[in-house]
Every structure is written in structure tokens, then in C-alpha cells.
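Naming follows writing order (A, B, C, D, E and F), and every chain is counted from residue 1.
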Amino acid sequence: MSAVITKVKQKEIAQLIEKGKRLDGRGLTDFREIKIEQGIIERAEGSARVRLGRTDVLVGTKIEFGEPFPDTPTEGVLTVTTELVPLASPVFEAGPPDENSIELARIVDRGIRESKAIDTEKLCIEPGKKVIVVFVDVYVLNHDGNLIDASALAAMGALLNTKVPNYEVEDGEVKTTSGHTQLPIRRNPVTVTFAKIGGKLIVDPWLEEEQVMDARLSIAIDDDGNICAIQKGGNGYFEPAMILEAAKIAKDKAKEIRKKLGW
Amino acid sequence: MSAVITKVKQKEIAQLIEKGKRLDGRGLTDFREIKIEQGIIERAEGSARVRLGRTDVLVGTKIEFGEPFPDTPTEGVLTVTTELVPLASPVFEAGPPDENSIELARIVDRGIRESKAIDTEKLCIEPGKKVIVVFVDVYVLNHDGNLIDASALAAMGALLNTKVPNYEVEDGEVKTTSGHTQLPIRRNPVTVTFAKIGGKLIVDPWLEEEQVMDARLSIAIDDDGNICAIQKGGNGYFEPAMILEAAKIAKDKAKEIRKKLGW
Amino acid sequence: MSAVITKVKQKEIAQLIEKGKRLDGRGLTDFREIKIEQGIIERAEGSARVRLGRTDVLVGTKIEFGEPFPDTPTEGVLTVTTELVPLASPVFEAGPPDENSIELARIVDRGIRESKAIDTEKLCIEPGKKVIVVFVDVYVLNHDGNLIDASALAAMGALLNTKVPNYEVEDGEVKTTSGHTQLPIRRNPVTVTFAKIGGKLIVDPWLEEEQVMDARLSIAIDDDGNICAIQKGGNGYFEPAMILEAAKIAKDKAKEIRKKLGW
Amino acid sequence: MTDKPEKLIDKKGLRLDGRKPDELRPIKIEVGVISNADGSAYIEQGKNKVLAGIYGPREVHPKHLALPDRMVLKCRYHMAPFSVQERKSPAPSRREIELSKVIRESLEPAIFVEYYPRTMVDIFVEVLQADGGTRCASITAAALALADAGIPMRDIVVACAAGKAGDTIVLDLMDEEDKYGTADVPVALMPNLNAVTLLQMDGILSYDEFESAVNLAIEGCKKIYAMQKEAIRSKYASAKEEGEE
Amino acid sequence: MTDKPEKLIDKKGLRLDGRKPDELRPIKIEVGVISNADGSAYIEQGKNKVLAGIYGPREVHPKHLALPDRMVLKCRYHMAPFSVQERKSPAPSRREIELSKVIRESLEPAIFVEYYPRTMVDIFVEVLQADGGTRCASITAAALALADAGIPMRDIVVACAAGKAGDTIVLDLMDEEDKYGTADVPVALMPNLNAVTLLQMDGILSYDEFESAVNLAIEGCKKIYAMQKEAIRSKYASAKEEGEE
Amino acid sequence: MTDKPEKLIDKKGLRLDGRKPDELRPIKIEVGVISNADGSAYIEQGKNKVLAGIYGPREVHPKHLALPDRMVLKCRYHMAPFSVQERKSPAPSRREIELSKVIRESLEPAIFVEYYPRTMVDIFVEVLQADGGTRCASITAAALALADAGIPMRDIVVACAAGKAGDTIVLDLMDEEDKYGTADVPVALMPNLNAVTLLQMDGILSYDEFESAVNLAIEGCKKIYAMQKEAIRSKYASAKEEGEE
């Protein structure tokens, strides 16, 4: 995109925001409409598709048996990957994950991990040897801005309907048996992302807003309203007061979303 | 190659074929001269070099002990790789295998696998734990067209003289002992490749014919004259009647080759 | 760098050398000042930093427990890697090691291995199953010529202060216990690198000399004055007599360095 | 993992999922489902769920691959890690690389590639769930996505497999028939031109069985072709309605 | 591996290494340490040993990435294999790729990128030894290296973490506090502009705790900022002395 | 795997394969064996079977690597997976990368690289079977392939190793002598110019032993050089005959 057009658009968007308005008619702290469908991929142990406006993210979970990390021998393993497949946007390219894809995966991972959303102690089969491994694969189908919040929601949505197959241990090897139990989920963190445009904070930026924003701030909030993960992004900065303001708004928005979803 | 030259050449080759002739004097369904040498790489467990005109392919096999695939716990493992080394053609490049190399490997693999050429059940050492792994490495030394048929022949030629070292199992580990047995081969599939040029089918296209062909069709035929694998390639199409015609010719040509080689 | 400038510089440097002089004032067989600091990375099992003039190389060693190579079941494993990180020179690029980096690692490795510097038999825990693995990671911090000699010295410097943690074997698994012993070192090889410029040999070429040299010769000498590894590099050649002359000088220089360092 | 079933065809001649030998699985097709793409389509065929998207005609990247007399066609067939029983690594497998090639070569004969020289068209296929026959479902969806993108074509390519389960020639093999059946013959067709653009075969068939399988697959293609046409019509209709509102 | 300590804060309110909650680890800074680089700096903070070097402004490579109105800023954060307890593979990990990005984005707000259009500046950070808080030490060193290279900047960026160990909000977490503490909040600051250019958080904090941690981290940044200024001054001074000799 | 032999030299002073210390293995050389290549040669030396091919002078790819005053020389030494006892992965190993470099640097001194500026010559070496001394066999074959391609050269490079097996200095080490011997000294030579273009050493040798080994290797090179000349002559002769027919 030409840098000149971006500056014109940036000015236009910033002027609107100055008046408390946005191009798509939302208020500054409004999310786009959130739609969530769960359990739609039968082959996956859990799945959820979240649409945040036109942003469209599918998450599938898979369960495997594997080894724990040496420093947490009694805990199951969580692995989050994201794929920004070229189907989803003209700016995504096939190939190994780039820094944006890796950052997205690590933000989603951090929200789940730091809030202790999964009761990983219950995923231990044999301390130091065998544990349950939970793969959370984030698959972006259409990118129209704020992949972070959509992906974090879809990941939790998928974990909430993830089934762990029953198993038995025989000669040190784990074999699945019939039936399953629900993956033990303790917390439902919700991530709220802000963009700073023209000195103002807005919530849930869509693609055009992301293209002109100065900086980005994502805050994950747990069920008790505590902050459990933060990531600043982008080439701009935040004044300390604005950070504290964002933290307060995030708490409210997370509560609102959790209520809406019945989490 | 310039697209203009290709079109001129395409026309010339097609006009000849229209008259039932080919640039190198062959009839439409004639193979080039086939030469096969077996057992020429002493370090390999099996080997064969096939020359199809100036096309030159060397295949070596190696035997290892390894784990079976989870869904076939009582069967040995077959692994086919091809290397289109840059020595063999100005259009081959060093590096990881490209789509042409991978397709070639998978066609050769399919002919062997689907015809059940190897008695893989006899390659099981301990069900679910230890089996014999057969590596078939296809090494193209000079590319003058129809790598598929040359590679498939060389692969079977190498398998036919592959020796499996004797072994004993001790404490769950397999150790080779002195002596060896022959790799158990049940079937000798032969692959016949067609090119469609100017609406006509020809057999065993050489390089210039491949450069101008509309589409390619490879058909593997087993010892009983059954079809055991097919692959269409190229950016053109076949009328259904032409496919059936090719299947009939393939049956005859495979019989002819099998006879010539004493398979 | 422009080829023209190089030729002018080459002539200038060669004319000086013809008179027995060098741009930085050294005699033809003088090393630059050698500074060595050992044990400076506490997290590493051993470490040393060598400065050869402005060339600056840091080596850290790590100890792991692993499997021996099949053909040396009773010996520990030595693994040398080099990283030419882009911090160290405008001509180094991030990414997998290139041919220069790999050659450097293999020359350092060869000097240690062929002189039998490490008593690898003492690193065997259980023959064929468990041995001590010594990682020698060569990290170039500033490249001002003759990385080979600086890296070889730093590697030996790091090995000489490498500590092997005490361990016990339980159920086939090796666990570290408190305390440690010194890595068993038997020999202190020293590598001496020559450049051929204008038909003359010089010792320890710095960057500008390397840029204009015809060819390079590196000779590792053990404690008894025997030759234990050689590598010729560069696009030029050596007359046989010059090779023998270099071997004699290398013996003297290695003795000198070993004395200076108290090895 | 699903265990090997005792029989693929029961006494009544019906298949594991109750289908007759020449019966297709339930199919659902939608066109225009990815707002960012220039064209897109979604297909469910049995439990297969496949999304196809088109970007282009656009600038060739990298530039030196541009062709003076035609467009460059690229295709990437890719499976989501959660689309299959055992989690699939996101890195492209050898199978995915081969299928990307044969899918591209099954679509290219339909495209007037000479209409847009020096451009590139990207076909992206994402298998969200796999249930046997993903390559055919991918071709069917990708051809619709190309139509949705307005790429000029001779015909809409459509694909369907036939094969042999037990002793019976069957249409549109599901996962278990694919795994435990005797042969699988995926076919892609331009129905109006009677032109086969994809043909593969795994397994063992006599000449006569092969002939039957090809003919059955072609019949299947023609049935799905009607659904493709309907999907395009219904997208147009709804677009028109929206326009009239 | 270090075992989990019983308590991170003792009865006297002191930390494992004897520090008070709002006390920094010992810090040593040197500027101009790599002769090949256009700018460089070295920092020791506790047992962290970090080297940062700058190359540029130089030609953009590959050329097509050049921007007409600004410089391209690149950053590579990399750990030596021997910098941590378990040997680290030299290939860049996902963590290193993320940190390269956030470090770059913490420095970019300070740089007048528009002064050198069509050029590239490379920031190379090498962690020689890691002890908790390497990203902050990296930012502090890289900002000095940028200054040493003469890259025009609005301010010197400085970074420091605060967090929660046991029930206490503490400054500049060391390895054990990072691993076994309740939360870690790394912050980068342009002190003269009161602008936060890096903010991350791991762990769980109430709003009030978060506010305290951010404020404490900012205090820490300001103390280190003074040391940065001193390090530049002393390099200038010694350069001047050398010049006068 | 071959077990370690008890002695490398027997009481009569003969080697495992019956050779005298200064005796070469049987050598067979053919020139012009790959029809696609611009030049090619095949060598068997003991059980070594090595194929070398030349492409060029041709356009430099990628273009920006072209040099205004000389040709670019590239070399790829590669082993077939089945060339050694344990199957070798097709990906280039560190050893192969090093050998590609030293082989290139052993051939480059012979080539008038300034005759073809802005071009590239590719040397491809494929080891079909390895038996100790593949780098020397590769150089010998590649030099012939260069000659066959008509690349202008000062001399034909030839290579041979000497070394120490037991207490004896021996010529042209085979696999077991390479593995279990005391030292290996591969040497490449331009015989007419008395110029050593490759020199490596593994093992331990006194200065005097080293001198003997180098001299013996040079003698070996000269013998093989005669065979190279003969191979070229016989190719020319047969080409001439064909022309006369």
C-alpha cells in the first residue's frame, strides 16, 4: 500500500475517532458482532469457529500422549500453533510461520497458560514419563483485523468442548479405550485488544484501523477480573496513563463478553 | 525455452505423429532400446541401472531395521525417494525435492505398493515394534525423457537383486548375523507411459516429445495384466475413449517388456 | 569490494611483504598479540575468549549425556559448531551455517580430534548406550582475520576449564549429582595459519591480508611437535617446498604459543 | 483409529453408510464464502469439509516467473492439522505436494490461460476435515472458486472417484472404502467437452473393472456438475436480490 | 537445573540474592566494544551478559524491501548455545523470533526513521549468558549501540521489568523470580517523553498490583537511564582523551 | 560394517588388498559419459565409483552473483544414499559441504577464470559408491570433465592421497586404511606446474613422515595424470573414428 494513501486514511480515521466515531459506525470501545460455533470438526477432539465481523478463525484441538517437559514432570503439555494460510488474506504467504504468526500463537498461548485455564496437573499420566499433550491449532480463514481476540476466543471455545479419550497404561504404553472425558478447564480468559490512533484508544480494531494504528495493546483478563497476559505491538508507544486506562476498559469488556457467551 | 520455438517444434512433431512417425524413427507405440544392469553397486543391498535410450537411471536399495507404521503393524516399510541431481539435466536444481521429483517418487512407489510386489508381511520381525525397512533410492544420471518408466523398471530391477542380511533379535535389539536371504518379491509390475501429442497417443516419449506434449498418462500393469496404478500428468486432457485405448496398449507393452527382461 | 581496489591493495601488501614487512608492523612470522580469558561464562561447563589482535572469539562448552556413535561405542562424543553471527562482521549473514562456517568448525574439530586432545574413552558411561557428549560452540564476536587459529585456541582454552558434573546411573537413566570433575584433556594442539601473498608465506593473516592472499594453509601441531591436521584453503596453490617450509615454521610457532600460554 | 470393518458391502448390496453402489454422499456447496478472496467456494461431501479460495489474476511474484504469453497458475492443497485422525504437521507433506500438482493440472485445461499474460492466479485449497476423496472435493470447490473469481474457463471442472469395495464397483468412496477397498479411481471432468483432466488409480483392477469404474466416476461427475451449476445460480440470485432490495 | 526455592522473599523482606524489593541487580555497561560494527554496547545485569551491535544505515538487502520514505529497521535477538542451562540449538526458536519483533518495536518509536529513506539499519543482539530479563537488558544495550552508531533518536530507550514474587511487587526479576514468581512485567521507556515502547506481562496481577508494577518498572528504567548516559559520557571522554594525546 | 582388521600391513609388507605400499588401486577412467552435460567423466578407483559433470560456461543464476572480470565457479560434491554402508540422507551433510569447497578450491587454480567473465561453470560430482579417497577420485574425474567441456585450463588437476597405515607410509588409502590407519594426506596437483592445489591431513605424522607422505602422494598423482591423458586421447580417438566412418 502506498504510504501516501495510508497517511490520508490515517488522518480521516483519526479525525472520526477524535469525534468518538468509527468508519463502520461503532463506538470507540465497541466490539464487532461475535459469533461462535463449537464442535464443528468431528475429527478434532475439540473445535470452535469465531467470527468477529468478517474476521473468521477456526480452531481445532488434538489430544496425544507424550512426554512432559523436564521442568514440569507432573503437568500435561499445551502447544499452540497458528497458521496464517494464504487463503485468508492477500498479504499472507505460504511457508514456515513468520514473526506475526509466531507472535499471535505466543499471545494466544500466554493467555491460556498464564490464566491457568487448563488444569494441567490432571493431564499427568505417569510423572516424568507420560502426559496428555493438547495441541491447539489456530487456523485463520479470513483476516479482517484483530486476529488476536478472535483467535484467543476460538481457542478457549475449542478447549471448552475438547474431549479426552479414555485410556489405559499397559507395559508403559498408553492405549485409548472407548469413551472420553471432558478436558479439565478451570478458567475462561478473554483477551481485549486496543489500537492507538491519533492519541485515542479504540477496542477491536478492524483491518483498516490496524493499517493506520500507531500501536496495539492486548490484555487478557481472567474470570476474576485479574490481568493475566499483556502484549504491546506496533511501532508506536503508549503513555503510562493510557495503559492503565486500557487495563480498566479491558476488565469491563472481558466481563461483558464472558456474560454474552455464558462462560 | 522460448514459447515460439516450442510451438514450431510441437507442430513439426505432431505432423510426423499424424503420419505415424517419430523424429527418432520409432513407431508410435515403440519403446526405445532398454538396457538393464543389475547388482552394480556392491555397497547397496540391491541395485540396477536402466538405460532407456539416453535416459539413464540408477537405483540402489538399502535395508534397515525400524518401526512399522501404526496402521500396518505386521508389515515391513517401503520408502521410495528420487533425486533429480543437477548432473543429469540443465533444468534440475540442487536442493530439496520439487513437485516433479516428489511426483516421480510417488508414482514409482505406487506401482510397487499397489501391485503388492514385495511380500511385506514377511518383513515383520516383531509385530508393532520391529520390521525391515526397504529404501529404494532412485538416482537419475541423465534425463532424456520418460523418467517414470525408466525409474519404475530400475526400482524393480534393484528390488529383484536385493539381499536381506540375516539377523537375530536380542534384548529387543536386532543385530545382523552372517549371510543373507533374497528380498521376497511376488510381482513384477511394469509401468508404461504415454504422451498425447496433437490428439494422438505415443509410448515412451523422449525429451523433445515431453516438451511439446499436451498430457501424459502412466499405467502400471502387474504380472496378470491387471492395472495397478495410474497417473495423469500435464496441462492437457484425455477423452475417455483414449484412456481405455491406452490401458489396452499398456497391457500389451508391459507383457512385451516383461518377456524381454525374463521377468 | 571492488576488484580494482583489491588488486592495488594486493600489490601494496605484496611489495611490503617482499621487503619482509607488513602493514601493521609485524614481521612475516609474527602472531598478533594473543589474549585469553577463561571461565567467563558461568552457565557454560567451560568457556574461553581469545583475542588475536581485534579478532575476538568466544567458545562455550556444554556437557550432555547421549548415545555414542555406532562405530565407537566406548567413546564420548565431540561436537563442534561455529556461528559466524552477523554482529561480528558486515559480511556475515544470519541463517544456517554456510561453507565457511562449516569449514571452520571442521578444522577446529579436526585439530582436537586428530591430536586425541580429549581422552574420549573416559567419557563412556555404558558401552554402546550412554556416553558424555561435549559440545564446543565457537562464537565469533569480531572478525578481523585468522578465525581458524583464534577459534582453535579458544576451543582448547574452553575444554581445559570444562567441568563434567558428577552423575549416577539409575534404571538406565543418567542423573547428575552434586560436584564435578575436570574434563580429561591429554593434549593441547595449537593451529598455525599461513597466507601466501606474492609468493611469500606470512603467519596469522589479518583481515586485509586475507582479502588479498592467494591461498591459505593451516597446520595443527601437537605437544610433541607432530603434525595432526592440515587444511589448505583459497583459490591459489603452494609449491611442495613451501608446504614443507610452513610445516617447520608451524612447529616453532606452536611451541612458542604453548609456552606463552603455559600449556 | 477406525478399525477395519468386516465387510464393505452388506448382504443387501449396501455400503457401510447405507448407500447404494452408485450413490453419492450428501453434498453441500456454497460459493463466495471468503470476503478477502477474489473467488471462493466451500464444499461438504460426506464428512469432507473443504474450502477453496482464488487470488488473482495478480502480479507475478517473484517477477522473473512471469510468462509473456500466458498466466501462471499456482495451486496449494493443504490440510489443517486437525482435519485427520492423527494430528498432521503443518509443514507440507509429500502427499500434499503431489496433490497440489495434480489438482492444478486438472484445472489448468479449463482455463483460458492466454487471456491474462504476465499475471498469476493462486488456487488455495484448505481441507478442514478429511473423509476420503479430498482431492476430488478440492477440485470441485476450486473450479467453483475460479468461476466466482471470474476467471474465463471453457467449462467448470468437476471431480469424483469411483473404485472397488469388496467385489463391487462403487461411486464416491468414503474413508473406510478408500483404506480397505480394492481400488480407487479419482477422475476430473469437463462435462461439456467430455475431457478427463485428472485420472489416478490405486489398487488392482482388471481392464473391464477399470472401464466400469471410469464410466461410473464420469456419471458421478455429471451429477455433481448439476449441483455446481445450482450453487452458482443461487449465489447470483441472492446477489441479485440484494441488489434489488 | 536450579531447584525451586522455598521462598522468594525472606522474613526481612529481602530477596534470594539479598536485594530489597525495589533494588536493581548490579549493572555494568560499556559502549563501543565491537570494532567491526557501526555502533555497539555491552551490558551485564546480574548474570546477564548481552552484546548489541548496529550495522547501518546501509543499503537495503534484498533491494525490493527498500522504502521510499523511511529506513527499514531489522532486529535479531539471538542466544548463544551455551548461554542457558540446557544447550540451546543455534536455530532461532519461536521465542527468539517473538523477542526480535518486540525489541525492534520497542526501539523503533525512538528513531527518526524518516531521516534515512531507502536505507536499512540492523540491530544484532547476542545473549552470551541469560539470567532472567534478557529482553530488557537487550533493549538497554541496543539503544546504546544505536546511539554509538550515531542513529538520530528522540531519546535513549531503556528497559526494566517489575513483577510479583511471593506477595511482593519487586523490581528487575532474576532467573528464579522469573521462573517461580507470580508475574513479570517488562517495560521499555523513553524517559524524556514518558512513553512506554514495550509492555508485556506474564502471570496474574490485580489492577492495583499491575499499576504498582508498571510504576516500579518505570522507576527502574529511570535509574538505568542514568547509567546509560554515564556510559556514553565515559566513552566520549576516553575518545576525547585519546584524541588529545 | 567392516570390523577393524588386526593388521593393516602383513609380514611381507603387503596391504589388506595385497598391494605394495607405493601401489595404486586399479583405476578405470571414461570421458564423456553424460549426454546432457557439457563435459563429463567417470572414474573407478578401487571400489570408488564417481561421476563428474560440467554445465557451463552459462548464465549466472541468480544474476547478481555474476562477476565483471571472471567466471563464477561452483561445485557440488554429493553422495548417493546407497553409496555407503549406512544409508546416507540425501540432504547435504557438513562433510559434503566442506568437500564441495575444497574440491572447488583445488580445481580453480587451474582454470583461466578471466576468459569468461559474467558466466558460471557448475561442477557436479556424484559419488555412486565410496571406498576411501572419494575426494581425490572426485577431483581427478572433475578435472577431466572440465577438459571434456573445453574449459581453458593451465593443466589437468589430479589428486591422490598418501598416508600411514601401521608404521608404513602408503599410497592411495582404501576404506579400511582410511578408517583404521594413522594418517591420511590427500593431495591435488597440477603436475606441469609443480603446484599443490589441495592439501589436507588427518592423523598424526612427524615432520619426516609428512614429507615422505607428500612426496609419495605426488608420485601417485603423476601416475594417475598419465591415465587422465590416455582417457582424453582415447575419447578423441573414438570421436575421430566416428567422424571418419
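Points to keep in mind about this one:
The criterion applied here is as follows: contacts are C-beta pairs under 8 Å (C-beta built on N, C-alpha and C of every residue); 3 or more make two chains touch, one makes a residue touch a chain.
The structure displayed is predicted, hence computed values, not measured ones.
Common partners of subunit A and subunit C, by the touch rule above, are E.
Using the mean of the Cα atoms as each chain's centre, the chain most removed from subunit D is C. Centroid analysis (C-alpha atoms only) places E farthest from subunit B. Distance from the subunit A centre to the subunit F centre is 58 Å, each centre being the mean of its Cα atoms. One simple way to say how far apart two chains are is to compare their mean CA positions; for subunit B and subunit D this gives 27 Å.
Look at where the CA atoms of subunit E average out and do the same for subunit F: the two points lie 52 Å apart.
Distance between subunit B and subunit F, defined via averaged C-alpha coordinates, is recorded as 32 Å. Shared interface positions of subunit B, i.e. residues touching 2 or more other chains, are given as 97. Judged by the touch criterion defined above, the protein chains form a single closed ring in which each chain touches exactly two others. Here the chains link up into one ring; start at subunit C, go to subunit E, and the full order comes out as C, E, A, D, B, F. Within the complex, the subunit F residues that touch subunit C are 1, 67-69, 86, 94-95, 97-98, 100-102, 105, 108-109, 185, 190, 193-207, 210-211, 214-215, 218. Against subunit D, the residues of subunit B that register as touching in their complex are 3, 70-71, 97, 99, 102-103, 105-106, 110, 114-115, 215, 217, 222, 225-240, 243-244, 247-248, 251. Interface residues of subunit A facing subunit D in the complex, by the touch rule stated above, are 41-44, 47, 54, 56, 58, 60-62, 64, 81, 83, 85-90, 94, 96-97, 135, 137, 139, 141-144.
Contact residues on subunit D toward subunit A in their complex (touch as defined above): 34-37, 40, 47, 49, 51-53, 55, 58, 76, 78, 80-85, 87, 90-91, 122, 124-126, 128-130.
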